[in-house]
Amino acid sequence: MVDRKNNRKPDELRPLVIKVGVIKEADGSALVSLGKTTAIAAVYGPRTMFPRHMQISDRAVLKTYYNMIPFSTEERVKPGPSRRSQEISKVTRHALEPAIFLEEFPKSIIEVFIDIIEADAGTRTAGINAASVALADAGIPMRDLVAAVAGGKIENQYVLDLEGKEEDITQCDLPVAYMPRLDKITLLQMDGDMSPEDIKNIINLAIKGCKIIYEKQKEALREKWRIK
Amino acid sequence: MAKLLRREREVVLPGEKIIESMDYIPGKNCFREDKAIISKKVGIVSVQGRVISVIPLSGVYVPRVGDMVIGEVIDIQTNGWVLDINSVHEAYLPLFGITRFIDITKTDLSSVYGIGDTLYTKISHISGSSIYLTMHDPRAKKFRRGMILKMSSAKVPRLIGRGGSMINIIKEKTGCKISVGQNGILWVDGENVKLVKRVIDTIEKEPHAEGLTEKISKMLDEEIKKKSESDKDGG
Amino acid sequence: MRIKDEYMINLIAKGERMDDRKLDEYRKIIIEKDVVYKADGSAKVCIGDTQVLAGVKMSVGAPFPDKPNEGVLIVNAEFSPLASPEFETGPPKEDAIELARVVDRGIRESGAIDTEKLCITEGEKVWIINLDIHTLNHSGNLIDASALAAIQALLCTKIPEYDGEKINYEKKIKSLPVRFKPVVVSVAKIADKLVVDPTLEEERVMGTKLIIATKDNGNICALQKMGSEPLDMNEIETAFKIALEKGKILRKLLS
C-alpha cells in the first residue's frame, strides 16, 4: 500500500478550499486550494477585442494567462512567461472553451488570468478549477462548469491528486479536465510510460475526483449568494 | 405538469437542470438539451407561463433597443460621438440622434457634447455589435452636476422594483433626484448621495432576498432619523 | 471636467469622503503573516479592498563590488493583470518599477536590514534577499499596502540552511536580521486638501501625491513626489506631520 502524506488514501483528494469573488475589481474571481497548492483566477470581459484584425466576427476570443508568482516555489521563479507557462496557458484555454457560449459575444475578448500563489503539484488543475468558477462568477454563459485534477501511479497503486514529492516518484503525471454533466474531457495530458489500460484506469480515477471537485465548485458559488 | 427541479428564488448554476419537460420553452439565460432546460448562468429561476428564464446575478450589460442608458463621451468623430456605456462594445450617437440642428461645416461637435460629458440616452437600434444611440426622448439629457454611481446591470430591475416601487421609495426618502441607466450606471443629485450608495450596495449583496423593499425602506428611515438627530446636535 | 470628478473634488473640499472617512483616516487594514508556505517569508496586506502579497526568497550570490561584506536586497513589483482592468500582461511598466524602487529605498535607506550579518564569505558569497511584491486587487493606494506587506514579509523571513554549496530550504536556521520598521504613508493633494489612503476614484482626481517613508525614530527615510501639480512648503510640512503620525499607527500593526 503506497504511503501518502497525512495518511491520504490513494483515491482521496487533498483538502479542498474554494472561495468566490476574492478580487473586487475583476468581473469574476475565485481562489482554489488543493492542499498546499493555491491558484487565484480573475476574469475580465467580455469587452471589445483590440486590435480589430484579431476579432472574430461571430464569437468571443478567450485568452488565458497562467503565471506563477516568484515565491510560489522553493527556488524563486523569475517573473514573466516561460515556455512552460505559455504551454499551460494554451491547454487551459482549450480546457475552458468548450464550456463557454462564446458565440454570444462576437468581436469581443474574455480574459482569464490565473496566478499560482503556492505550488505543490497540480497547479494547472487548480488553475482550471479556479478559472471555471471565476467565469461563472462573472456571469459568462456556460454549458457546464469544468473541474480538473491529476492522477498517477505510485508503487503499482493508482493515485489521485498528486502532491509535492509524489510528482518525483510517480510513474506518470496525468492531469484531466472534465465537464461532468456532459461527461466530456477537455484537458488530457500525460508525462510517463504507461500501458493504455493503466491510462484508462487513471483517467477514470481522475474523473471521480473531478466530480467531487465539481460539487464543491457549485457549493462555493451558492455560498456567495446565501442570504445571511 | 412536470415539476421544477429548482424552485423559484433558489439560486441555480451554469449546467444545472431546471426542469425536464417539453411543455416549457427556454427563455433568457437558459438552453434546451434533449428534454431538459438548463441554466447558463448563476441566477434565479423565473417562470412566466410556459417560458423558463434565469435572472442572472452578475454579467455584462447586453444592450436592448429602447433601454435608457447613461454613457460617457470618449471620442468625437466627424458625424457623431462615441460613448462608453459600460457594455461589451462602445455605442455611437450619430448627428441625427441629437435634438439640436447643427451645421457641421460651422460647428465644432465638441461644443455640443465634449469628451467626459455624461449623457442619459436611449438605445435606438442595434446592428450586429454596432449600438446606436439617440437623444430623441423626453428623458434624454446631458447631466451638468451630481454624482455617477455604478452597480451590476443584472440588478437594476431589482433597484427599480415592480412598477418602480423600490426606486420611488429611495427617491422619496433620500430626497435625491435619481436617473437609472439599464446599463448599471446611475446618476444621483441631492443631499444624500452617500445614503443612496449604501442602498445600492445592500441591494447588490442580496437582490434575491425576500422583503427587500421593506428592509431598504426601514434602513432609510433609520438613517434619515440618525442624520437629523446629529444635525440637531450641531453635526 | 467629468461631473463625477467634480463631485468628488467638491466633497473633499468640504472635508468629506464617499466612504465617510476623515481626510486623514485609513480604510480597514488587515495584515496576515506567512501566507505562502514555500516563501522564506511572506505577508498579505489588505487596505480596504486593495490587496497586496509580498514574499521573500533567499538565495546565495556575489556581493556588490563596493560592498563586499554585505548582503544584497533586490525588490521587484508585479502589477498582476488580475488586480485591475488597467493592468496588462508583460514586464513591469513605469508605475510598477517606481513602486518597487520607492519601497526599496524606504527599506534600504533606513538601514532596516543589518546586511553585514548576511555575509557568508567576504567578497565572494553573501545572502541575497529577493523581495517580490505582487498586487492582487487595486482599489487605490497600492504603495502603502505594498510597503507594509514588504516589511512584514521581511520581519517573518527565516534564512534557510546553507552548507557552502546547496541551500536546504526545508530547514530554516534563523530570522532575517531586521532592525527597523520603515513604513510608507502616501499623502494625496485633492482640492487643496491633504488626503490619506486615497481610493481608486480619489486617485483619479488627485493633483499630486507625496510618498513619505518614515522610520521608528521619527526620521524620514524616503520621499517621492508623484504627479504634476506643485506643492508649497506648508503643504509639504503638513504632509510630513501626517506621515509621521499615521506611520506610527501602521508600525504598530506589524509583528
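Order of writing sets the labels: A, B and C. Residues in every chain begin at 1.
Note that contacts are C-beta pairs under 8 Å (C-beta built on N, C-alpha and C of every residue); 3 or more make two chains touch, one makes a residue touch a chain.
On a predicted model such as this, the values are computed, not experimentally measured, just so you know.
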Pick the pair with more C-beta contacts: A-B or B-C?
A-B
In terms of mean CA position, the chain most removed from subunit C is B
So what's the Cα centroid distance for subunit A and subunit B, whole Å?
33
Please work out the Cα centroid separation of subunit B and subunit C, and write it as a whole number of Å.
38
Subunit A-facing residues of subunit B, complex
11, 13-16, 29, 31, 38, 40-42, 56-60, 88-90, 128-129, 154, 206, 208-209
Once bound in the complex, which stretches of subunit A touch subunit B?
27-28, 45-48, 99, 101, 105-108, 136-145, 179-181, 218, 221-222, 225, 227
Spell out the residues on subunit C that touch subunit A in their complex, using ranges where they run on.
36-40, 42, 49, 51, 53, 55-57, 59, 76, 78, 80-85, 89, 91-92, 130, 132, 134, 136-139, 169
Okay, in this complex, where on subunit A does subunit C touch?
22-26, 29, 36, 38, 40-42, 44, 65, 67, 69-76, 79-81, 111, 113, 115, 117-120
Under the stated contact criterion, what part of subunit C meets subunit B in this complex?
1-4, 6-8, 18, 20
